[in-house]
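These notes open a run of structures that come right after.
Here subunit A shows up in two complexes: once beside subunit B, once beside subunit C.
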Partner chain A sequence: MRLAIIGFGFLGRNLLKAIWEKISLLRRIDKDFLVVGVANSKGYIYDRNGLNIEQLIISSDLTKHSGFRAKSAIDLIKENLCDIIVEATPTNIRDGEPGLTHIRLALSKGIHVVTSNKGPLVLAFRELMSLAEKNDCFLLYEGTVAGAIPIFSLVKECLQGDRIIRLFGILNGTTNYILSRMFFEEISFEIALKEAQEKGIAERDPSYDVDGIDAACKVVILANALMGRDVKINDVERTGIRGITQEAISLAKKANYTIKLIGTIDKRLEVSPRLVPINHPLCVHGTLNAIHIETDLAREMTLVGYGAGKETVSAILNDIITVLKKRLQATS
Partner chain B sequence: MKFSLTLALPDKPGQLLRALEPIAKNGGNIISIIHERDKPIEGYVPVSLVVDFLSHQSFRKTIEDLMNLGITIMKSEEVIERLRLTLILVGNMDPRRVIESGIEEMHVINIEMTRSILGEVSARLEIEVPVDSVEKVIHELKRVVVEQGAMLIPPIGI
Partner chain C sequence: MRLAIIGFGFLGRNLLKAIWEKISLLRRIDKDFLVVGVANSKGYIYDRNGLNIEQLIISSDLTKHSGFRAKSAIDLIKENLCDIIVEATPTNIRDGEPGLTHIRLALSKGIHVVTSNKGPLVLAFRELMSLAEKNDCFLLYEGTVAGAIPIFSLVKECLQGDRIIRLFGILNGTTNYILSRMFFEEISFEIALKEAQEKGIAERDPSYDVDGIDAACKVVILANALMGRDVKINDVERTGIRGITQEAISLAKKANYTIKLIGTIDKRLEVSPRLVPINHPLCVHGTLNAIHIETDLAREMTLVGYGAGKETVSAILNDIITVLKKRLQATS
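Up next, the complex of A and B:
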């Protein structure tokens, strides 16, 4: 299979490193596995015989590679130069672009898509899933929610007979880091945020995280993918963590609780600060994410892991391997 | 739904069995029974029961049947299960207005609060609410708190 990576930022580069490290595993599954294209916002490079991955890891500036074409990634997809794309452009929840166009185009041409980009799934989950089904290809998106935590694979592979009744989760590592610092160090929200920004955990404009927008996007994807809902971001009632005082956390702590930003899928969809008992399995700290599900048969289950950063590569690579294996099964 | 019943039975053999018949007939499931046979008062023995009925109607029919048998009913009431909840309130507000807002079925057990130099209040509230009314009470409480420009932080899962 010929793979192209669309979006060559932090995640794209780390994915390429992981592919290089695991190339023998990938070739054991599919002896013809090749990375044939890599694209960013400036253009793309392509080699039908496979790119030199090692060289790309050393020098990630695509413009300096021979054969660089100052053309859109759309052309790379349009010209049927690959069988599977990893869409790893930045999330944009206003119109989903450029990822939405990339994914629509790829699926309509029967090209498999693995993505870590939340925007297109938040805006057009049902449409994209139907498109994948219609064109007999896969759209896998494990990396979009809670990074390395394999929530979609777990539910779809291991809980096939279960119905998920409720879901709660710490779905944003930045806010969890801020609230954890306020809990352990007894510092204010402002100081904890500044510290997170200095460490590169929070953006200079932190509103996407601290106002609960990122968590709300994940609630939408989880509800649509795991619980058969058809919801949009405006269906999520949202309260961020800006108003939480250090005194509020201290008062919670005295009663053996902590305050966490929790995404809830129940009768209502909600992202809001909640009291979590300190002995509850969801009570994880730092940048960790956690998802707690209640199902009709297995009852309660909690998954904990890293929700952002290069650990997300684990989810993307697993999705790639899933496509390779399933295609192989289908053709043999 | 659970109901508590206290009957006064004549201190004679076979009376307890006679009293239990209407309960069984109306689908009541006895959860506990205290028969204080050694403490008769003027020839009557008090029997306290907690019974689970499927409906208020089954309970009312049982009371009617017991009365038709001439059995004295000293007490009969629904046992309301209550949940104790801890909540946090944050913002520029007066917590007394929340407590005194007259939210039905909310019983305030305890409150601890601090006020910052800027006048912002952080408070921990402990309340007791009938299990069946938790959603309604939290919804109402949230409305009152938000009206005051503050934030309500309820426990997870509520």
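Up next, the complex of A and C:
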């Protein structure tokens, strides 16, 4: 299979590194596995015989590589130059672009898509899944929710007999970092936020995280993917953590609770600060994410892991391997 | 596929209930799915057209069902009357019997095996896996370790690109219950053990749990299955929790730690009481189990769930569905 990476920021570059480290594993699964294209907002490079991955890891500036074309990634997808794309452009929840166009185009041409981009799935989950089915190709998105925690493949492959009743989770690492610092260091929201910004954990404009928008996006994807729903971000009741005072956290602490920003996927969809007993498995700290699943057979299960950062590459690579294996099974 | 349940105790009966509840799901996957046999230590019942599951759920005394034969389950397996068995007889780590004979016989005849029985895997993991491979059939054992936590299928299906570096875990619910009561209620080991025995969480002879033997069995299976090892129970350094005093737990508590019985699967294999920070994701209480995985890509991940009881049916049913799906793929 010929793979192209669309979006060559932090995640795309770390993915390429991991592919290089694991190239013999990938070739054992698919002896024809090649990375043929890499695109960013400036243009793309393409080689039908496979790109020089080592050089790309050393220098990620695509314009400096031979064969660079100052053209849109759309051309790379349009020309049937690849069999699978990893769509790793930044999330944009207003109109999903440029990812939405990339994914629509790829799926309509029967090209498999693995993505870490929440925007297109938040805006058009059912449309894109139908498009994938119609064109007999895969759309996998493990990297979109809770980073390295393999929530979608876990439910699909490891809880095949269970009925999911509801899910709760800490779905945003930035707010968990802020709330953890407020809990342990007894500092105010403002100081904890400033510290998170200095460490690069929070953005300069932190509203996407602290107002619960990012967590709400993940609630939408979880509800659509795991609960058979067809919901949009406006279906999520949303309250962020700006109103959480040090006093509120201190009071909670005295009663052996803490306050976490919890996404709830039940009949109601919600993102809001909630009291969590400090002994509950969901009560994890720092930038960790956690998802608590309730099912009819296993009853309760909690998964904890890194919700962002390069650990997400684990989820993306797992999706790529799933496509390689299932496609080879289908054609063998 | 024709399924037989060998061992009709607590787990076997709860499995049959779950199969009945999920029968339409199972028939959607395999329209020919039937439960044709159920065996216990007294004998077995068999019907080539499928047993009356409802009646079996109402009355689990096999001797009272029509067609009961006071013969060994070995005959049921020998006669090629089924395509897949669930081996759910009690764990016996001295000689693995009767499970070891059941599993060997089934695999040698190309019958798929799903088991919750640790004994045969602790004693003969490599032999049985080779036998399964040689006869082109499945030997799945999700229910043997940490109950409902799907650790084996998670690693196999959800961390396909990751290299497992090491694992740690709370692998025994009984000792976790005792240590949790000692931590929260500030009672002695003896009183906590007595309470656990009264609640049916600990056996009258508690040594299998409190001396770490059960956890050591799980360490052996995890090491062999996930780390490519070929180890036996004597390769596990083992210390139980009888020596843990209330004073030790109080001291730990003052420093924001607690004491847990931890199984370690690393270069060294070990079961021993360890200090765990109370804020660590592994620090879960009551009868919960938890497994902490370290990998090269996802870095750290923790799974928490019920380690025993009827929740284990989730793991067994997932294994059955995996066999049905993969076998149907192979023959389609």
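Heads up, the rule we're going with is that the second predicted complex is superposed on the first by the 332 of 332 C-alpha atoms of A that agree within 3 Å, B and C clash if a C-alpha of one lies under 4 Å from a C-alpha of the other, contacts with A are read in each partner's own complex, and residues count from 1 in each chain.
Assume a residue touches a chain if its C-beta (ideal position, glycine included) is under 8 Å from a C-beta of that chain, and two chains touch if they have at least 3 such contacts.
Since we're looking at a predicted model, the values are computed, not measured.
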A:L251 touches, of subunit B and subunit C: first, second, both or neither? first
Which superposed partner A:A148 touches (first subunit B, second subunit C, both, neither): second
Residue contacts with subunit A in the superposition, subunit B compared against subunit C: C
Which superposed partner A:G243 touches (first subunit B, second subunit C, both, neither): first
Which superposed partner A:P273 touches (first subunit B, second subunit C, both, neither): first
Contacts of A:K22 with subunit B and subunit C, given as first, second, both or neither: second
Which superposed partner A:L288 touches (first subunit B, second subunit C, both, neither): second
Residues of subunit A defined as touching subunit B within the complex: 166, 168, 239, 243-245, 247-248, 250-252, 254-255, 257, 259-260, 262, 264, 272-277, 280, 282
Residues of subunit B touching subunit A in the complex: 86-88, 90-91, 112-114, 116, 120, 122-124, 126, 151, 153-157
List of subunit C residues in touch with subunit A within their complex: 18, 21-22, 25, 148-150, 153-154, 157-162, 278-279, 281, 284-285, 288, 290, 295, 297-306, 311, 313-315, 317-318, 320-322, 325, 329
